[in-house]
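Please see the structure below; I have some questions.
Lettered A, B and C in written order, each chain numbered from 1.
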Amino acid sequence: MKKTGLFALALSLGMAAALGAASAQTTLRMTWYSDGAEGDVMKDLLARFEAKNPDIKVALDQVPFKAINENLPVQLAAGQGPDIARVVDMGGVAQYALDLRPHLKDAAYWEANFGPFLEWMRQPGDTASIPGYMTQLTVTGPLVNKTLFEQAGVPLPGAKATWEDWAKAAKAVADKTKAPYPIAVDRSGHRFYGVAVSMGSTMVGADGKLTPVDEGFKRAAQMIVDWHKSGVMSKELWGSVSGSAYRGANEEFKNAQVPFYLSGSWQIGQFDKTVGDAFDWIAAPTPCGPANCSGMPGGAALVAIKTTKSPKEVARVMEYLASEDVLTEFYARTLFVPGHIGIAKKGVAYQGASKQAAAALKVFGDQVGALAPAAYAIQGNPFSRIVFNAAISRLGQAIAGEGTLDQAYERVAADVAQQVAERLKK
Amino acid sequence: MKASLLTRRRAPGRLDWTDIVSYAYLALGVVMMFGPVLWLALSSFKTPAALIEFPPSFLPAAQRVVTVEGYAQPLELYRVRQPDGSVKEMAQIRRVGLQAQMVDPAAPAAAPVRVPIEAREPLREIAFAWSNYTEPLKAFSFGRFFANSLFVTVVATLITLLINSMAAYALSIYEFRGKTAALTMVIGTLMIPITIILAPVYLVVSAIGLNNSLWAVILPGAATPTGVFLLRQYMLTLPRDLIEAARMDHASEWRIYARIVMPLAAPALAVLAIFSIMWRWNEFLWPLAVLTRSEVYTLQIGLNAFQGELQTQWHYLLAMTVMTLLPVALVFVFLQRFITTGIANTGMK
Amino acid sequence: MSSTQAPTQAAPKPAREGLGGRVVAAALGLFDAPMAWLQRALGLGAMPYAFLAPNVLFFGVFVFLPIAINLVYAVTGGVNIYPSQRPFVGADHFRALGDCASFLDPATCREDHFWRGVRNTLVFTFFQMIAMVGSALVTALVLNRRIVARGFFRAVFFFPVLLSPVVVALIWKWILQRDGLLNAALVAAGGEKILFLVEPTWAMAWAIFVSVWAHMGFYTLILLAGLQAIPADIYEAAEMDGTPPTRVFWRLTLPLLWPNLVVVLVLVLIRGVQTFDEVFVLTGGGPGTATLMVVQYIYETAFANPVQNFGLAGAASILLGALLFALTMLQLALARGKSKEARA
């Protein structure tokens, strides 16, 4: 025990010395996760910021996404959060977010460029606060293996093609080319809503109440279950894992086993790198359902946290990172669809992207403008992630053969009701 | 004399069918136990594209490239089936749809030919993608994470050995009030996986103010019920007269523990040490919850940063997994005799 | 368990005084004076408590206090992590967990994932126990024979014990997935690909296999220790009597090995019920919920869901604790009965 004490004493002395030397500086902590190279780009940008602002140091703490999803909420609830964090469940984190508005030089710039996305980061009823900005806007949409279509001699369905058109074409291609997965859809509730929106789902009923299982939801679910029955989709994605666990078909797509892969804009960077010359691939506009031809927006936001001891410094960092030049560079180097209206209008000159990647990014960029209002509303709903998770978990079970679709509908409704009630219990 | 697989050893010198079966079983064991790990190690040298190809190649390979006069970039080499049925090595200039434009590297001046893509087959050579290792090692403070992991592993193991052996000593040598209660507590907690009390432990640790200190990882697991249980079972078998003799000599209780019981319990301590080391080195869920600053990250947190929301950089993850396995493999190579005989000697009675 | 020791237990020898031994002795020597002072001040009777104190302190703070907080979670609701800020809900969480039309069919339960988890965990634990004890016993018997390079082979089987569960699962996932090594071998042999992790029965079977692969070495060594403690003359006597080998095994080897088998059985049971990360990384709990384990349910309810429901998870963990306790007691009782029988 004594030894322990000595160690602790030595350690804390050492730490105190280190802190003393750096006391002229404010150190801010930024918690960050990466899907690809964005962590390295952020590191560069922060180094540049620090060079210009010697009084602030930003420590970039890179974590697995699991930590953002599972541990960050606990840390925030215990008041142990970082100063800035990159998050995906913006609605869930909203209650811990700092309103940067009083510390910003130019709040109007933020409103003008991040307006529609700021709503995603706010608590219900809040219409004014500025919690952060989008590091990445994502749009769901299909990636198509053009070479497989050519090999099969099947023409690509046109711009206003429906889900049925694509299913038929993809099945024909797969039959001829022996691709095992005619259509692959990420196993994710968010991607499911990328289909459901076009089928007319709004998640919230006309009475303003959360109604996860509406007609659009059922149409989409029925179609996907039918696809599994008719061999258009394979059980390997939706039927393979349990709960809300994510499963993508990146590897299958890269191996040219998938003619039509419903995923999203974030795949482009790594497909560009790893598919290489193996085949030609394109992004296609989201197929049309009876309601519209819209996918789902999504993305990740960099959000300031309320418990920070240095809100002014946090605002300076955020201002720098969100400024047009810096953010343009960030999007250009990460191959992300811009979540900044001004930059999106001007267009981004993506660095190091091949022609086909740039073309795909343009298709997705154009999709942003074509998103249905319902899609934005769903993404901005503070309970959307609860619904996404319940939907994928229960539909996954139905597809794996554990119960019928009707039972799945009941379960989704019950799960959502239970979790919403738990969150609101005070 | 009849030997059987089911009884004991047979006489040396002659091989009968039971020996053959035994050695076949052992050979299978070597393949089954080492094969998968070897596969992991080889895979960690593959490029992202090679990692997912089917059928997977056993050794990491990359496509051969060749520099052809008149072309700025090195071109990829293919084996191309010619219309006349012969096979020729050709370099690909570009691929457009289902056709590839190819050139004979031996005759770069000749006009490029168009080849249907099914007619070509990539030419490959063994190549280790060292960049899977060098890139993350450059980008991450590997040294620091390694030092943190080492500190946690060593200090936690020392503390565990000390306090667990003290408790085991008390529970095996003495008769005192509350002994049964203490024993029941130990056995009871054997059954509680830390996973299910993660949130309350987090609360306790942040209430003490240990967040983001390596002590938050070290202390909560220091008192292991398994350790106390194992050491006590072993100490029960130690001869009592040694202890009584020492007491006659007026040795203090601490001296008896430190000078007599501890050396005798060395095999059991070794076993506990190994388990503590393995567990601490590999621990992931708990450090992830309490360590949020990169200065205090352990290796397991650092390497898992390659797992994003939508994608995982497998080539880096596999390479870094192999890196964390290396110390384990070294410990194993040097200590395997000690480990295995240690466990055997504890008897676990 | 100590009551049925093998007849000959070699007296333990102290470790050789190496450098490590001397360092340890010197470090422990630092405490000589303070502990001697403590003994003088409090008397000999207080010493067991003094030895027990550090461990009890750690247990108290990091195990019992959290368990107590978990009990509070189980009877309170909401998503707040501080017990004082959570509204009391009584037995609501337990009622939710117990809301089943039929306990035999998890699909009729409100918290069907919990009951599916319980069912899967029981299935997993049962078959894993058979496979684990069976293969560990066979391996121990083989290693106990007069073979060359026994130390090497012993180490070979022990090696996977050193790998972390995540790495174990990762390795096997790469082998078992659709485009993995095993399917490549099947195709090369002229067979068809099998979706090992997408068919429920295959997935459960592989989860059990991988778990046995990873942990068998440890149990093998425990059993091997027991086998080596059995004196050779017993076998010689049996051989002289012309007892057939199978009979020797059932009547001699197994009863003498029984104490070690009990340790193995209890440990396998406890660890089986606690299984989580290994299977989760391998199968993700799927296909459907075919390999969803109860600890995974608890972890996901408390952490992975967007609503972190510590209350429901706490209630489920209490039920899990009760289940574990009951199973262990049952097993120990059976083991005791069996060993009495063996001695009789």
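As a convention for this text, contacts are C-beta pairs under 8 Å (C-beta built on N, C-alpha and C of every residue); 3 or more make two chains touch, one makes a residue touch a chain.
Everything numeric in this text was worked out from a predicted model, so none of it was measured.
J.: Which chain's mean C-alpha position is nearest the mean C-alpha position of the whole protein set?
T.: Answer by centroid distance: B.
J.: Tell me which has more C-beta contacts between its two chains, B-C or A-C.
T.: Pair with the higher count of C-beta contacts: B-C.
J.: Between chain A and chain B, what is the gap in Å from one C-alpha centre to the other?
T.: Centre separation, chain A to chain B: 32 Å.
J.: Can you compute the centre-to-centre distance for chain B and chain C, using the mean CA position of each chain? Integer Å is fine.
T.: Measuring from centre to centre gives 19 Å for this pair.
J.: State, to the nearest whole Å, the distance from the C-alpha centre of chain A to the C-alpha centre of chain C.
T.: Inter-chain centre distance comes to 38 Å.
J.: Would you mind listing the residues of chain A that make contact with two or more other chains?
T.: 1, 3, 69, 71, 74, 78, 251, 255 - these are the residues of chain A that touch more than one other chain.
J.: I need the residues of chain C touching at least two other chains; which ones are they?
T.: Residues 31, 54, 81-82, 179, 303, 308 of chain C touch two or more partner chains.
J.: For chain B, jot down the residues that touch at least 2 other chains.
T.: Correct list: 52-54, 162-163, 199, 202-203.
J.: Where on chain A does chain C make contact in their complex?
T.: Against chain C, the touching part of chain A is residues 1-3, 69-71, 73-74, 77-78, 89, 92, 235-236, 239-245, 247, 251, 255, 385-386, 389, 396-397, 399-403, 407, 411, 414, 418-420, 422-423, 425-426.
J.: Inside the complex, what are the residues of chain B that reach chain C?
T.: Contacts found on chain B: 1-12, 18-19, 22-23, 25-26, 29-30, 32-34, 36-37, 39-40, 43, 52-56, 162-164, 166-167, 169-171, 173-174, 176, 179, 182, 185, 188-193, 195-204, 208, 219-223, 228, 233, 236-239, 252-255, 257-259, 262-264, 266-267, 278, 281-282, 284-285, 300, 318, 321, 325, 328, 331-332, 336-337, 339-340, 343-349.
J.: In their complex, what parts of chain C are in touch with chain B?
T.: 1-2, 5-6, 9, 11-12, 14-15, 21, 24-25, 28-29, 31-32, 35-36, 39, 44-45, 47-49, 51-52, 54-56, 58-59, 61-63, 65-67, 69-70, 73, 81-82, 138-139, 141-142, 144-147, 151, 153-167, 170-172, 174-175, 179-181, 183-184, 187-188, 213, 217-218, 221-222, 224-230, 232, 235, 238-239, 245-246, 248-249, 253, 259-260, 263, 270, 273-274, 276-277, 295, 298-299, 302-303, 308, 310, 313, 317, 320-321, 324-325, 328
J.: Hey, which residues of chain B end up touching chain A in the complex?
T.: 48-49, 52-54, 76, 92, 95, 97-98, 139-140, 155, 158-159, 162-163, 199, 202-203, 206, 211, 213-215, 288-289, 292-295, 297, 301, 304-311, 313
J.: Please output the residues of chain A touching chain B within their complex, sorted ascending.
T.: Counting only chain A, the residues touching chain B are 1, 3-4, 7-8, 11, 29, 31, 33-36, 39-40, 59-69, 71, 74-75, 78, 80, 82, 88, 146-147, 150-151, 246, 248, 250-251, 254-255, 264, 266-267, 270, 273-278, 280, 300.
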